[in-house]
Amino acid sequence: MDAATATAVQLRLTPELQYVLRLADTGLVHAQRLSEWCGHAPVLEEDIALTNMALDLLGQARALLTHAAALEGQGLDEDRLAYWREHDQFFNLTLVEQPLRKPGAHAPGGDFADTVLRNFVLASWLKAACAALQTSRDETLAGIAAKSLKEARYHQQHNADWVQRLGDGTEESARRMAAAVQRLWPYTAEMFEHDAVDEAARTSGLGPARQDLRAAWQAEVAEVFAAAGLTLPPDTPFRSTGTQGRHSEHLGYLLAEMQVLQRQHPGGRW
Amino acid sequence: MDAATATAVQLRLTPELQYVLRLADTGLVHAQRLSEWCGHAPVLEEDIALTNMALDLLGQARALLTHAAALEGQGLDEDRLAYWREHDQFFNLTLVEQPLRKPGAHAPGGDFADTVLRNFVLASWLKAACAALQTSRDETLAGIAAKSLKEARYHQQHNADWVQRLGDGTEESARRMAAAVQRLWPYTAEMFEHDAVDEAARTSGLGPARQDLRAAWQAEVAEVFAAAGLTLPPDTPFRSTGTQGRHSEHLGYLLAEMQVLQRQHPGGRW
Amino acid sequence: AALETRFEAHVGEGGFIEAKDWMPAHYRKTLLRQISQHAHSEIVGMLPEANWVTRAPTLKRKTILLAKIQDEAGHGLYLYAAAETLGQSRDQMLQALHSGQAKYSSIFNYPTLSWADVGVIGWLVDGAAIMNQVPLTRCSYAPYARAMVRICREESFHQRQGFDSLRVMMEEGTEAQRAMVQDAVNRWWWPSLMMFGPPDGESTHSAQSARWGIKRLSNDELRQKFVDACVEQAAVLGVTLPDPQLKWNAERGHHDFGPIDWAEFWRVVGGHGPCNRERLAARVNAWEEGVWVREAALAHARKQAERAAAQEQAA
Amino acid sequence: AALETRFEAHVGEGGFIEAKDWMPAHYRKTLLRQISQHAHSEIVGMLPEANWVTRAPTLKRKTILLAKIQDEAGHGLYLYAAAETLGQSRDQMLQALHSGQAKYSSIFNYPTLSWADVGVIGWLVDGAAIMNQVPLTRCSYAPYARAMVRICREESFHQRQGFDSLRVMMEEGTEAQRAMVQDAVNRWWWPSLMMFGPPDGESTHSAQSARWGIKRLSNDELRQKFVDACVEQAAVLGVTLPDPQLKWNAERGHHDFGPIDWAEFWRVVGGHGPCNRERLAARVNAWEEGVWVREAALAHARKQAERAAAQEQAA
């Protein structure tokens, strides 16, 4: 990229592109949050596991971003998309931009319970999505989904085990896990909302609408929660809207950090 | 500024310029850290006091940066200096870039004790510096110093009162203040180091060498520490080097956040 | 009862009530709730702006924003002080806020997503607040009226600075900056209209509030005034207000405007807006993390008092 | 005594010792200290690199860095496992690290100030580590030797990736990028030379270490090899090594180089380097913040065992 192309990306957005970016950006942003754990996990084996999940999701995100760039048709690539879009052109679930280990500028951080819970809930969702995406009319997407499905199964299992260890461990870990559930739950509703992007995807055979994932996800989460002694909170009217490009106050800071070097060195080669 | 001037600044550095930037950048970075407290102070009156100190220091920094830009002679201004220099061209005391309220990426944050202590120690140093700078051969610098001196006296008094309240308050506050002293002390040595920049300033009458400030500072800090029941830690061989342009790992993150909008909107008008 | 009759007559004639005057219990309770919730609004309102102070794009704008946030904290102080004259301590009021019992202006439950939001908050949110507050400068409860005079003056200044910030971006800025301003307007317009409260038909307590000089114009009247003013200001800025039904009605002498999504209003007021949980959590955390500080200050003050007493005895 | 003689003979002939073999107490103690400190170095060494992972400038570089950090954690695992065969638990080793008793490679007490530091760490720091470690692949203690084989292979890969990252910036990058690389080299060169330890004349334990196959080349020999290799690599990159006395000496067949600031070395080893306190604090905090997690895992495992036992009894 030369200095002339080092400018903010304005997407030519279509429902199809937005659908793919929802998946790509969710993986990218969650991988970014997970990488904050490097060197800080409670035990060395989990440092490796968290980095492993970050690598898997980053790999999926790269494949999806590369594919999105091809769909978008302006000659973009994975890095132009990751480093040169502004917040309102990201379409990740708001859940994954929430502070994880590190506090936000004006919000507290979370603990290991928040992390394994978010990993479990997200992996369960991605697993359901990837399973359905294997039959996408888009062969590239289907191929990415097939590979991602294996990884999602592993992430789901690994983190389900931790949710149970912590939910049914000590009094303190149970308390922390219950608090993590309270913090996370409102953001799960967005995982199953339905809009024109979902409708177009389902209708055209691109992939499942988010609603279509709810039953399987709910069943698996309920099972693990029961084994962990956790209660499913009631649904509320709260709806996060990151998948529409309208985010929480946290994404701006995350992108400022993630994108800083490309902005400091427009036209740089790495 | 148009897009053509929206590029990284390469300073034509002289000892005189570096001397002025040491003061300017120390004020700028400390004001940035203090502004993290907006809306989070233990009591409303202290929210106002912290914001007040941030405003005073930011005002001093702006005057000093404007003057530095004039000295530098390339047609820069306060914003080109604040938003377009990289970390190795900032010359603040390493002390002020350390995490204050917000944790660093890989380092814990501090508490209110860390804040009032850093405020007190810094204000005492700035007071000594400004008192001496009133007789600078540089009339602009002398004028800025005279105004800043009044503010430094107030900041020193306000925060000395808090150091005593906390040092001689409850057992918990005493413990926290003692821990804050341990964390801060190693960074105070840099306040009194001596190099070619200090030597040139003293010799030419631009202003005091840092060493010249030690006696007054030490006496005032010792007095307040004694009243607060705090022990002056022993000196160690540790020397921070921000005043030489070689910083800790924290400045990079601070600048990424502070400079993000100008980098996202080169040529923007605000 | 005679006291109450005399009170109502005094207030009805436009008379003022000071802290030491007799007042009905219901008046005291209503004013306490309104003034303390106004104070809470100032404090919570610092947070969406504090969210951009470390990223302000020039040192001048950073200075202006820090000063604005500081003013808002100061407004909180005046208002807590005015409310305390009615017999509750600040700590009790904060307890009510932190427990979720007391409310604050629901506009602050929206996130500030770009720098332009800061200017738009100055233009629209402070604008709406001023329109709500100017009548209160003649509120019957004098400590509140006096606080409102100071606050309105400072908030007018804030509004002008916010508007100026937007004007610079629209007139001198890049295309991306203009798009940022328009996007901020799109997101803050309807919530600003909701700041005037539910439609008159659904509002409670209005009659009594009007008699006590707490509310001189109705929600809908204030809202209409605001829309009319903003249409002109939007034209100056060159932004579009996101309402396709916005249109001058020569007959009425006002601008017609589209329907407000009252479901969204009640959802946000009810706790389910974008930032409700975060705003309250930030205030609660600041309080809890400050317990040891406040306790230390008290302990130190006690020690100082004991030392002073001991010195007096020795002398 | 006879055992010891046989041991020394076996090792002297290049023989290997496994965990189950007899070994002198002093050998066990020395290997335990060396292997555990090597493990600590891997873990602490993750931190200066973790410092740049959220800011990696491309997704490919982020991937490479995450994988490198993951490898280093894995190296820590192998090495703790190897050290545990000598009779101490990982928890005990970590306790020694956190208390300041056990050391880790002092190079990690320097800050990573720019992205180029990441590439330079790959080139110089991993390069020096490999040079120190290759001889250890034939160390007499077999579990350690086997771990070193795996680690050296992975670290060679890391070194090549770091070098490649620098090469791209130097050959294809902007002037600012080239300046960033040169600045990183200026800051990491001398500390990398210090990784080989004090001059031979001031080193202790060398004779015994040599006999036990822990150390086959002296500090100065390894350092010279490193300098010679780096001069060639620096020329390929187009960077200048910050030593005006660096010069080919045809007589010696090696490059002469300038004096190392051993005062700095001892100051940093002694705890007063730029990041010593921060590195240790990060590890201690991770440990302490993880207490509740590890306790929960233990408690859960106990519950599962009790449930399994109860089920067996019922069946």
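Letters A, B, C and D mark the chains in the order given here, with residues in each chain numbered from 1 onward.
The working rule: a contact is a pair of C-beta atoms (placed from the backbone, for glycine too) under 8 Å apart; a residue touches a chain by one contact, two chains touch by 3 or more.
The chain lineup, named per UniProt: A, B = Phenylacetate-CoA oxygenase subunit PaaI.
What you are looking at is a predicted structure, and each value in this text was computed from that prediction instead of being measured.
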- Any idea whether B-C or A-C has more C-beta pairs in contact? B-C
- Query: If you take the mean of the Cα atoms for each chain, which one ends up farthest from chain A?
  - Reply: B
- Task: Could you please state the distance in Å, as a whole number, between where the Cα atoms of chain A are centred and where those of chain D are centred?
- Result: 34
- Task: Averaging only over C-alpha atoms, locate the centres of chain A and chain C and give their separation in whole Å.
- Result: 36
- Message: Please tell me the distance, in whole Å, between the geometric centres of chain C and chain D computed from their C-alpha atoms.
- Response: 57
- Query: So which stretches of chain A touch two or more other chains?
  - Reply: 8, 36, 39-40, 105-106, 256-257, 260
- Query: Mind pulling the chain C residues that touch 2 or more other chains?
  - Reply: 47, 50, 54-55, 176, 282, 285
- Query: Considering only which chains touch which, how would you classify the arrangement: line, ring, star, complete or other?
  - Reply: other
- Query: All pairs of touching chains?
  - Reply: A-B, A-C, A-D, B-C, B-D
- Over in the complex, which chain B residues touch chain C? Could you list them? 32, 35-36, 38-45, 47-48, 51-52, 54-55, 58-59, 61-62, 65, 78-79, 82-83, 111-112, 164-166, 168-170, 172-173, 176, 257-258, 260-262, 265, 267-270
- chain C to chain B touching residues, read off their complex: 43, 46-47, 49-50, 53-63, 66-67, 69-70, 73-74, 76-77, 80, 115, 165, 168-169, 172-174, 176-177, 282, 285-287, 289-297, 299-300, 303
- Query: Hey, which residues of chain C end up touching chain A in the complex?
  - Reply: 47, 50-51, 54-55, 111-114, 176, 183, 187, 267, 270, 272-275, 277-278, 281-282, 285
- Item | chain A-facing residues of chain B, complex | 8, 36, 39-40, 86, 102-103, 105-106, 109, 253, 256-257, 260, 263-264
- Message: Give the list of chain A residues in touch with chain C in this complex.
- Response: 8, 87-88, 105-108, 186, 236-238, 240-241, 246-249, 252, 256
